[in-house]
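Chain naming follows the written order as A, B, C and D, and within any one chain the residues start at number 1.
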C-alpha cells in the first residue's frame, strides 16, 4: 500500500529539526488581545509540538535545534527533557538571539490569530556545525518543518540534515508549515520548499501551501497533479489538507484515501495540524493502513483544539482511543 | 534657589518622548523565570512610566512616540488614554515593527532581572516627521529619555524635538535611562548623550550613567565635577543617583542637597527611578524647594517597589502624602 | 564515450547565467598596484567571459543577468551586443546597485591578484522574475557559474533556471568558479554548490573547489571518488583542474582523459579557466572526442594568458588552430 | 573685521577629517563614460583635496582618516606623505572595507557627472578610538567635511574631534560637502549638519546645502538669515556659494563681501569647491582681508577646473599669483 522502510537498527524513532519557541496563550479568551491581561507560557513551534506529540504517544523522540541562552531557552530545554525527548541534539545560541514568541488571541473559536516575535530568533541560528551525522544515523525518521528554511544558517543546516538522512536510510517527513512573515517573498520560499520536497518520503501540507510551491508550474490547484509531481521525485505519500473539508492522502502505488474531521467543542484552532502530524506519523511508523493513521491524526487534532495549549495538550494513545470510541466524524 | 521657567501660557504640563513598551511581569515571584508559568501585561518603558506617573499626580501629560500596528500597540494607546494622557502625539508604525517587551524575573527582592525584546521595535521607528513643532510649543516641559537615542530614526526625532523645545522656551528634563543592549557601543552612546545633555535644563541619572558619559573626559567619578560640566552648558539642576545611598542634586546657583531612601517592604526594584523622576518633576513644576521635591520622589519610588507593576503602581499625591506621614527614612 | 544530448530544435547554443562585471586592468604591469597610474576597462566575470568566448568561436550565445542602471551597466550591454551575444535575457537593476569591479594587479606573471568590489552589485540582484522559461527552452545548453549562488535573490534565480533547463532537456554546464569573498562561510557555499551540482551534466572545477564541496564527506582529495560522487546524480562528465599539472576529465561511461598545458609567454594568469571552459564546451557541442576538446580548451587558455584582457582576448577558432600548429605541450 | 584666533603654539596649521578616496578620471573626455576605455587614478575626497591643497600652499597639514588595507589604501597614504601631509592621524581599516571610488565622466565642460562607489568604504569606518585628543590639540585649525557624518561610526568620530577642538581652542572650518547618496534621508542629514554647524567657526557651503539644513526652519533661501542663524551659535564667518554667480561671505561683525568667478578655459567642474576652500582658508590663516581671501580662492578654483585632476592639480601660491595677474573676473 505504501513503502516506508523504518530501519529497525536505530535507537530513536523520530527526530525533529527546526523551530522551537514559546507560546504565550491568552488566559482570557473570546475577546481581543487588547483586553487580555495575562498569558500562560508553553513550549511551541510546529516541529517541537510534533516531536512532543510523538513522545507523548510513546515514540522515542529527539530534536535538533538551537535555543537562546536565557530563561526562555532553558525553559524549553527543561520541558523537552521532562517530556522524555532526547535533548542531546540541542545547541545553545551564543550570539544574543532570543526565543521566538507566539502570542495567541482567541476572539472566538473561529477567529484566532497569532502575534509573532520572530526577529533575531535563536532557532534560525542553527547552523551546519550543529547537525551531527552520527545523531541522524541513529534515528528511523526525520521530521523537517518548512519554517526552518526561512533564513540562513538554519536553512543550510536543514539541507545538511536531509543529506545525512538520505545517506543513512532515514525516512524523511516534510511538514510544510509555511509562515509568510519569516520569508522575504513567495518566490524564494517556493525555491527552497521544492528543493527539500524533492528528497522527502512523506509530504504533508495544506492546499494553500502546495499552491505556493507550484507557482512556477503550469498546473494549478489539482491535488492529483500535486501528488504526481512529487512521486516523480522521492515521495511515497503526499497528504493534502483542506481545512474543515478534511484531507486527502496519495500513495506512489496509486491509491488515495480521504479523511474527514471529528465533531468537537472547539476552543481554538491552533495546534490541529501539529497534533494531526504527530499521530499520523505514529500510525505510519506502526505500519497501520493509511486510513487508520489518518483517522488517528484527525482524532488527535480534535482533542488538541478543545484545550488551551498545543504542546501540553498533545494526547496519549489512550486518550485518542477513548476519543475515537465516543466521537463521530462530520 | 534654582531657575526653571515653566511658561504659564501652555495647555500641557509635561510631554514625554521615546520608549513605549510592554512589561510582562512574572505572576509567580521569588523564583527563576524558568519556573514561572504566567505573566501579567502592563504598559512600560521609562518615559512612558514617568508620563503616566505625572498624570497620576495630576499633571497634564502627553507623549510623542510610535506604537506598533497590532494588539500590543492598541493596548498601549488605550491605556494612556484611560490614564488621562493626551495621545495626539502618538504615531502608528507602518513598517511591521513590534512592541518592545520586558519580561521581568523576580528571584528575590534583591535579585531582579529583565529579559528584553528590543529587535525591530516600533518606538525606535519614531522619525522627524512624527515630531510636531506645534505640539511642543504647547507644553511647559519636555521629558527626554536616553533609550530613544539608541537608533535612527528615533535619535534624530529626539534631536528635533529638543530643538523645538529650546526655540519655544520649553523646560527640558533628561532622564539618562541608559540600557546597554540597545546600543552598538559605549563610545557611540556617550557622544549622543552628551550632545543632548548640553541643551537640557535638568539632568537625572545614576553615577554609572554619568561615568559612561564622561569616558572622554580627564576627570572621573566626581559628582561635583559632573555637575559643573553641565552647568557650563544649559543645565540648572543635575541629579546624581547612588542607589541605596540616596541621591545628590546640584543647582547652577551652587547649592547641593542630599536625599536618602525610605524603608519599605520591597517586592522588586523595577520602576523606582521612574517613580522618583515623575514625582521629583511634579515637585519642581510646583516650585517646591529642591529637598522637598527629592523627598517626594523618594517616597514615590518606595511605593512603586512594593508593588507588582511599574506604570499601574504609580501613586497619587494623596498616596505619597500618606506614605510620608507613616514612613521613616533610612 | 560521453552522452550529452544537445537538442537540434533550439535557436541558441549556449546561455550563460550570473556574474557580469567590469575588469579594470592595470596598464602598467610587473609592479604593485600602488604604482600603477591607470586602468583599462573590459567586460568581465567568469560566465560573461565564457559566453563571450563561445560567441567568438561561433556559438549562438545569450546571457541571463542583471546590469546596473548606469554607465557601467550600459557599457556591458553594448559590449555583449557588439560581440554577437543575445542580450534579451538581460535585466536592468532598479535598486541603485553598482556593477562589480575587479582591479587586476600584475606584479609578475606568477604573482597576479585581484582587488574586488562586490558590495551591492547588480549581478547578485537577479531574481526569479528575471528568469524566463521560454528563453531557456530555446537553448541547447545552459552555463551556470558558482558565484551567482553567493547571495539571494541571485541564488534562487539560478535554481529556477536550472529547474527550467532540466524540464526542457537543456544540457547544463556548471563552472564552479568559487570566490570566497562573496560568501558568508564555506559551509553555506558547499550546501548550495552541491544542490546545484546534483542536477548538472558537466561539472568543471579545480581540485580546491571540489575539496570545498566535499567538506561533509568522508573521503578527501581523490579525483576518482569526486567524479563517482557526481555520476550517482546527473553528471556525464566531471573535469578536475590541477593548475600547471593540467586537468583530468572523467565520464560516466568510466573513461578518463588527462590533458597538459601549453608552453606560452605568460603575461598574467587571469582568464585561463574561462578560456578553457568556452573552448572545451565548444568542442563538446561539436561532438568532439573528450581529449580533443580538452586540448582545444588548453590552447585557448594559453592564448588568453599571453594577453592583457580576458573577454577581449578570447580567441577565434582560427587563432586556436594556428596556436595548436605552432605550440607544444609541456 | 573677523575674529579667528589661530593659536601660535601649535605645530600644525590645518588637520582635515573624513573622506579619503580614489578618483578614477576618464582619460578620454567630451564623451559619455560608456565610450571611455581607460581611467587615471588620483587621490580624492573633498577634505583630502582641501588638505592637499593647503599643503601645496605651504600650510603644515595633517589628516584624520581611515584607509583600506589594500593597494588603494596604501596608494592614498603614500600620496599624502609625498605631498608633505602628516599621516600619523591615519588609521588602517581591519574589517575588509574598500576605498571609495569616484569615476568621473566629462561629457562636456558643462556636463560632468560622477559615478560613486560608496558601499562598505573604509573612510566611514573611522571611529572614536581613531581620534586622538593629543593630535587635535597640536593644530591651529580643523577642517570638517559633511560627508563624514553620513554613517556611524565616522559620524561619532567627527563629533568627538569637534569636541576636542573646542576644548583646545582649535578653529573649526565646516565645509558642508553634502552628497545625497550616502545618506538615508534629508531629515537625518539636516539634524547632524546642524548639530555640527552650531559649534563651528567658519561654515562654507552652497545655497542648496544651506537650504537642506534649513528644512525645519520657517525662513527660506535668504542668505542674510542663513548667516544670522549661525552667528547666534559659534560662527564668525559664513560663506554661501552661488555657482557661476559667485559667492557671498558674512561676518559676525556684520559685514558681507561678494566675490565673482574668473574667466577660464574649463575642462570639468570637479574640484572647484575644494580648491576654493583650501585657498580661502590659506588666506584667513594668513590674516588677509576677507575679499582678498575670497579672490584667492576663486583663482585657485579656476586653475583646478582647467586641469584633469583635483588633488594633483591643486596650485601653489606662485601659480595662483601668476593667474591673478593675467586673468580677469567675469
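Quick note on the criterion: contacts are C-beta pairs under 8 Å (C-beta built on N, C-alpha and C of every residue); 3 or more make two chains touch, one makes a residue touch a chain.
Composition by chain, UniProt nomenclature: A, B, C, D = 5-dehydro-2-deoxygluconokinase.
Everything quoted here is computed from the prediction, not taken from an experiment.
Visitor: What is the shortest path, in steps, from chain B to chain C when you may only step between chains that touch?
Guide: 2
Visitor: Specify the chain most distant from chain A by Cα centroid.
Guide: Looking at centroid distances, D is the chain farthest away.
Visitor: What whole-Å value do you get for the distance between chain A and chain B if each is reduced to the mean of its CA atoms?
Guide: Chain A and chain B have C-alpha centres separated by 44 Å.
Visitor: So how far apart, in whole Å, are chain A and chain C when each is placed at the average of its C-alpha atoms?
Guide: Result: the chain centres lie 41 Å from each other.
Visitor: Which positions in chain B are in touch with at least two other chains?
Guide: In chain B, nothing touches at least two other chains.
Visitor: Every pair of chains that touch: which are they?
Guide: Final set of chain pairs in contact is A-B, A-C, B-D, C-D.
Visitor: Which of the residues in chain A come into contact with chain C in the complex?
Guide: Going by the criterion above, the answer is residues 127-129, 133, 152-153, 156, 159-160, 163, 184, 187-188, 191-192, 194-195, 216.
Visitor: Hey, which residues of chain D end up touching chain C in the complex?
Guide: Within the complex, chain D touches chain C at residues 24, 27, 32-34, 36-41, 70-72, 74-75, 78, 98, 101, 103, 105, 115, 117, 119-120.
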